[in-house]
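First chain A sits with chain B, and in the next complex the same chain sits with chain C.
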Partner chain A sequence: MRAFDSYHPIVIFTYFCSTILFSMFFMHPIFLSISLASSILYLGFLKGFHNMKRTILISIPLFLIIAISNPIFSHRGVTPLFYINYNPITLESVIYGLSMAGMIVTVIFWFSCYNEVMTSDKFISLFGKISPSIALIISMTINTVPRMKRQIELITNSQKTLGMYVHSGSIIKRAKSSIRILSILITWALENAIDTADSMNARGYGLRGRTSHSLFKFKRNDFFLFSFIILLSALCVYGEMANYISFSYYPYISKINLSYFSFILYFSYLLLMTLPLVIEFKETIRWRLSISKI
Partner chain B sequence: MAFIDIKNLSFTYPNEDKKVLDNISLKIDEGEFIVVCGSTGCGKSTLLKQLKVDLSPHGVKTGDIFYKNTSIDSLDKRTAASEIGYVLQNPEAQIVTDKVWHELAFGLENLGVPSSVIRLKVAEIASFFGIEEWFRQKTADLSGGQKQLLNLASIMVMNPKLLILDEPTSQLDPIAAADFISTLAKLNKELSLTILLVEHRLEEVFTHADKVAVLDEGKLIAFDKPRNISKFIKNHPVLYSMPTPVRVYNKFSTDDDCPLTIREGRSWLLKNFPNKKNLSISIESKTLEEDNPVLEMKDIYFRYDKTLPDVLTGTSLKVYRGEIFCILGGNGSGKTTALTLLSRINKPYRGKVILNGKNIDKYKSKELYHNNIALLPQDPQTTFVTDSVEKEFKEIIKTMNYSKLEAEVKVDKIIDRLNIKTIIKKHPYDLSGGEQQKVALAKILLLEPEIILLDEPTKGIDAYSKIELANILKELKDEGKTILMVSHDIEFAAEYSDRCALFFDGEVVSVGDPYSFFNGNNFYTTAANKMSRNIFKNAITSEDVIELCKKIQIENTN
Partner chain C sequence: MQEDPNRKYKLNKKRFFFSVLILTIVIPIILLFGIKLFNDRRYNLISIIIAFLSCIPFFIRFESKRPKAREIMVIVVMASISVTSRIIFAPIPGFKPVTALTAITGIAFGPEAGFLTGAISALVSNMFFGQGPWTPFQMIAWGLLGFIAGVLSKFNLMKNKAFLILYSIFAGIFYSLIMDIWHVLSIDGLFTLEKYKIAIVAAIPFTIIYAVSNIFFLILLNKPIGEKLDRIKIKYGLIE
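The block that comes next holds the complex of A and B.
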């Protein structure tokens, strides 16, 4: 069990909200690099560095396409590097392209992390607080999809042995038999839905004052981490509002702010982005220590 | 003061003249375990649904039902939801949510119980039912038995006073079914829970029941202790679903009590029918065309995925023309998988399947599935693709390219043979389990196969439908067709098959005719064989036991 996963869904959800939003809106190069590096490290930790090769391989072409297309289509900026068909390729737009590509790749990485950590039941329990009926619908859908898939497979096999060709014949024939299977699947689903509805009715669904149960409890730990995340996020937002970390690429690239307070901001952003890794590291050390005491 | 008091209850569905329930009166005391039985369409499910107002169908109802002296219609909705629990037949469709723990909490959430209380109650029920190990699993990943146990648990968590179950074990294999029934018995004995159970497989439940109600065409024809039931049902079809000792006892008029368990059956046999002359069933020996199997598996190895272990490990099997061959075995022994290989749904990675001396891969699809091999899947519903039985037949006629006249003759013949004339206009999904199976079988027979493969043909159908099915299979056999079925149903295999094979761990461990097969087994054998072992030499079905008992009776009177 990973340490960060064991926190309450609200804490995890807030965390990913802030990291993903900040990664999208803070175009400051230092912030961008911090976020990119942390997302790669965290994803590597979650999936194993071996398994994330594919994710990275897919993201490289995406990165290149964005990075190259920006200077080709955008000619803003004051420092022309060279000309293509009398159109200037500017230093500013090259750098902006690189930052932009970095930002998009970072956001994709963060979303992959989110998918690993925020499992469906966490998501549902989160919704349960806001709207119990939506949470129930999501849960029922998740339950129905694999059953439908299985039924399609069974029907397809049955039809195959009945001499109905599902995987062979002309495209029109195949399309026809697929439609037939789909239509009977809907009948099947509706038929089953009657049973499900009966079962819900029999257990008092529709009575007033339905509550929503979840396995997750908001503990003291959750409160501390939650407050910490909010604090760090507020700091970053304040930095942005007070122009400490404002940064512009056009018409010329602005200088990076090197004041004391901005360093505090860089550090707190680093801490926020690497927070799950810090927690995992802390927990590992605590575990080692507790074992060595025995 | 009875716990439940049903007074002169009659019920008619809208637009129908016939009463589904006809003047039923019965009283149930608190803590009683009641089993309701009868053949399909006798009104037993309708009766149960009358007790759960939320589920009761539309129609004209006369008479009254009292639950703890209040009329069931005036019962407060909240009380009805929590005090009267209802488990349905289909284990899968009843599950609402995606996680086991959430399913357990579902009922309590509806009742508006606060989360802290739900936590405790769910923990309590999970420990009682032994659900801890799969508590956090997805409901979609559970086995059929686990699913039905979860359905029961998620109702028991609401602490009902009355538990109603409508054929809860019909979709389960015998071991899961026995587990489920013993859980019910535990609930009844330890918590004094009143249970009302509709079942058509009565072997297990008879010993636990306090009273048995038998319905016939909407009338209550018997309501008494299990030991006395035999008296009321001479020659009634419901007798076929009774435990073996009851069926044997039913044929003879002895003064002592009706035996219910195999142990009681044995002592009853010993007392009344001591086999001094060592009589036995005479078995006609059959000759097989040893060199000429129609269908053969040769050293088959198969796995579903490269990373998964082998399901079949060097399986070899020969099936001969004109026999009913039955593959028996537990869950996960690979018997259903073997069927998918024989019907070419899957292909082995080593070894081959030979049909009529030719590798099955060499056949074209059309050649193979028309006039050669046909498979009746476990769930007959999966063969249906249209909205009426008639259209289902037309689908097949189209693929077979029959001429109009030819088709009419063929369809008429099959409708006649399977006795399904009355249902051809209906939607296949509206039919009972037995009827659905007959329609699926009819579709398959229209393909005019030489070899018919059946996957669990007796699952979920009542005793009478089983006999009907057996008769059809026998007829087909007489026409020279070969029948291969995979089943859990030992009794059915013993009675109707020519040869049986036991699958275990992906291999065939024993093959033989039913008499040598079952007499050689100590545990994996029929109830009749267990009951008459060492008394009679080779009786394996209740018919055998009855036959020998009759012989002894004649001997004794002479």
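The block that comes next holds the complex of A and C.
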């Protein structure tokens, strides 16, 4: 069990909302690199660094496409490097393309972290309060998909005994048997669904005064972490509004602000982005300490 | 159990008010926010938020109807069939029956069910394939396609085979156009018509695959599945 996962879904969801939104929003190079580095570290922690190689390898072509296409399409900026067909390739647009590519890759990494931590049960328990019917539809759909896959196998096997093969024979015959399987599947699913619905009604679905069970409780720890995330996010937003961390790529690349307050902002952004790792680290140390006390 | 009609009316009114609020106030405010505050440079973020927000009025409307268990289950079945089919057809890029199944649901159970099936299929199938910034775009694209199919069938147009083919081609182009918005935005966060045109041209092979797969699956599946849905509708007295 990972320590950050045990927090209330609201806390986890807020955290990922703020990291993903900020990663897309802050194009400041320091902020971008902080976010990219922490997303890679966190994803490595979640999936194991060995399994992560594939995710990174897949994202390299995407990175290259975006990084290369920006200077080709955009000729803004004041420092031409060279010319292609009388169109200037500018230093600014090259750097902007690199940052943009880094941003997209970062967001994709954060989304993979999100997929690891924010499992569908957490997602549904969160939205069940806001929109119970939609959350119910989502949760039952997730549940039905694997059951359907199993049922497809069953139907395919029983159809085989009747001579309806999917994997061999002429294309027309294969298509015919596939459609027959689909048709049986749909009849089964619909009749089954009506049964489920009747059973739900029999147990009082939709009656007033029914409560719903939730696995997650909003504890004091959750409150502290939640306020901390909000505080750090507010600080970053304030920094942006007050122009401490404004940064522009066009027409020329602006200088990086190195005042005291901007360092506080960089640090708080770093803290926000590595928050789950910090929590895991803290818990591990606590665990080690309590073991050594014994 | 007797429902208090007044309470329901009030609830509907409140929820209707919310959807109007989102459409007429929240979205323009976000647009304005994007233009003024972010110096008109954050189209990607703004458009993801707007794509997601535009799904919400449909959800609110569904929620405010207080759907019965059977209505819920029909959408669950159709959404899970399209998710399963997307998983089965995953090896062939672009060739998916999701649009066709969404349209069939829209035709049989009305525009609202069509929208929900499309949007939920996108959301849930991405739980298997991986969520990303593209999820809201897929939700609104498939949702609207289901909605449009439902509206068209209200005018008895979807029984005509020629019209089904026209719809399939339209659906392929529509889906491609919406997803191209995201592809353009992911390049540099800015949206220009010039780049959009290039993206559309670059995506033509995919658009063709979408359209062909839509024609294939709609022509093939519309009649058998439609009949099954109609049968269920009559047998259990489901309302549209």
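Here is the rule we go by: the second predicted complex is superposed on the first by the 287 of 294 C-alpha atoms of A that agree within 3 Å, B and C clash if a C-alpha of one lies under 4 Å from a C-alpha of the other, contacts with A are read in each partner's own complex, and residues count from 1 in each chain.
Everything below uses one rule, namely that a contact is a pair of C-beta atoms (placed from the backbone, for glycine too) under 8 Å apart; a residue touches a chain by one contact, two chains touch by 3 or more.
Bear in mind that the values here come from a model prediction, so they are computed numbers and not experimental data.
So, on chain A, is it clash or fit between chain B and chain C?
Aligned on chain A, chain C fits beside chain B.
Mind checking the angle chain B, chain A, chain C on Cα centres after superposing, to the nearest 10 degrees?
Apex at chain A; the opening toward chain B and chain C is 70 degrees.
Just to be sure I read the superposition right, which of the two partners does A:61 touch: chain B = first, chain C = second, or both, or neither?
neither
For A:140, select first, second, both or neither according to whether it touches chain B, chain C, the two together, or no partner.
In the superposed model, A:140 contacts both chain B and chain C.
Thinking of the overlay built on chain A, is A:24 touched by chain B (first), by chain C (second), by both, or by neither?
second
With the two structures laid over each other on chain A, which partner does A:184 touch: chain B (first), chain C (second), both, or neither?
In the superposed model, A:184 contacts chain B only, not chain C.
If we overlay the two complexes on their shared chain A, which of chain B and chain C does A:212 touch? Say first, second, both or neither.
first
Would you check which partner chain A:108 touches, where first means chain B only, second means chain C only, and both and neither mean what they say?
second
Does the superposition put A:155 against chain B (first), chain C (second), both, or neither?
After superposing on A, A:155 lies in contact with chain B but is clear of chain C.
When the two structures are overlaid on chain A, which partner does A:131 contact: first (chain B), second (chain C), both, or neither?
A:131 contacts chain C only, not chain B.
Just to confirm the geometry: in the superposition, how small does the C-alpha gap between chain B and chain C get, in angstrom?
It comes out at 7 Å between the closest C-alpha atoms.
Identify the overlap between the chain B-contacting and the chain C-contacting residues of chain A.
Common to the two interfaces on chain A: residues 120, 132, 136, 140, 142, 183, 187, 193, 196, 198, 200-201, 205-208.
Can you list the chain B residues touching chain A in their complex?
Result: residues 52, 54-55, 77-78, 81-82, 85-86, 88, 90, 92-99, 101-102, 105-115, 118-119, 122, 136, 138-140, 151, 154-155, 158, 340, 343, 345, 365-366, 369-370, 373-375, 377, 379, 381-387, 395-396, 399-400, 429, 443-444, 447 of chain B touch chain A.
Which stretch or stretches of chain A touch chain C in the complex?
Result: residues 21, 24-25, 27, 66, 69-70, 73-74, 96-97, 100, 103-104, 107-108, 111-112, 114-115, 120, 131-134, 136-138, 140-142, 144-145, 148-149, 152, 179, 182-183, 185-187, 189-190, 193-194, 196-198, 200-201, 205-208 of chain A touch chain C.
Considering only the defined contacts, which chain C positions touch chain A in the complex?
1, 38, 41-42, 44-45, 48, 59-60, 62-63, 66-70, 72-77, 79-81, 83-84, 87, 116, 120-121, 123-124, 127-128, 130-133, 186-190, 194-195, 198, 220-221, 224-225, 228-229, 232, 236
Flag every residue of chain A that touches chain B in the complex, lowest number first.
Residue list for chain A touching chain B: 120-121, 124, 132, 136, 139-140, 142-143, 146-147, 151, 154-155, 157-165, 168, 180-181, 183-184, 187-188, 191-193, 195-196, 198-215.
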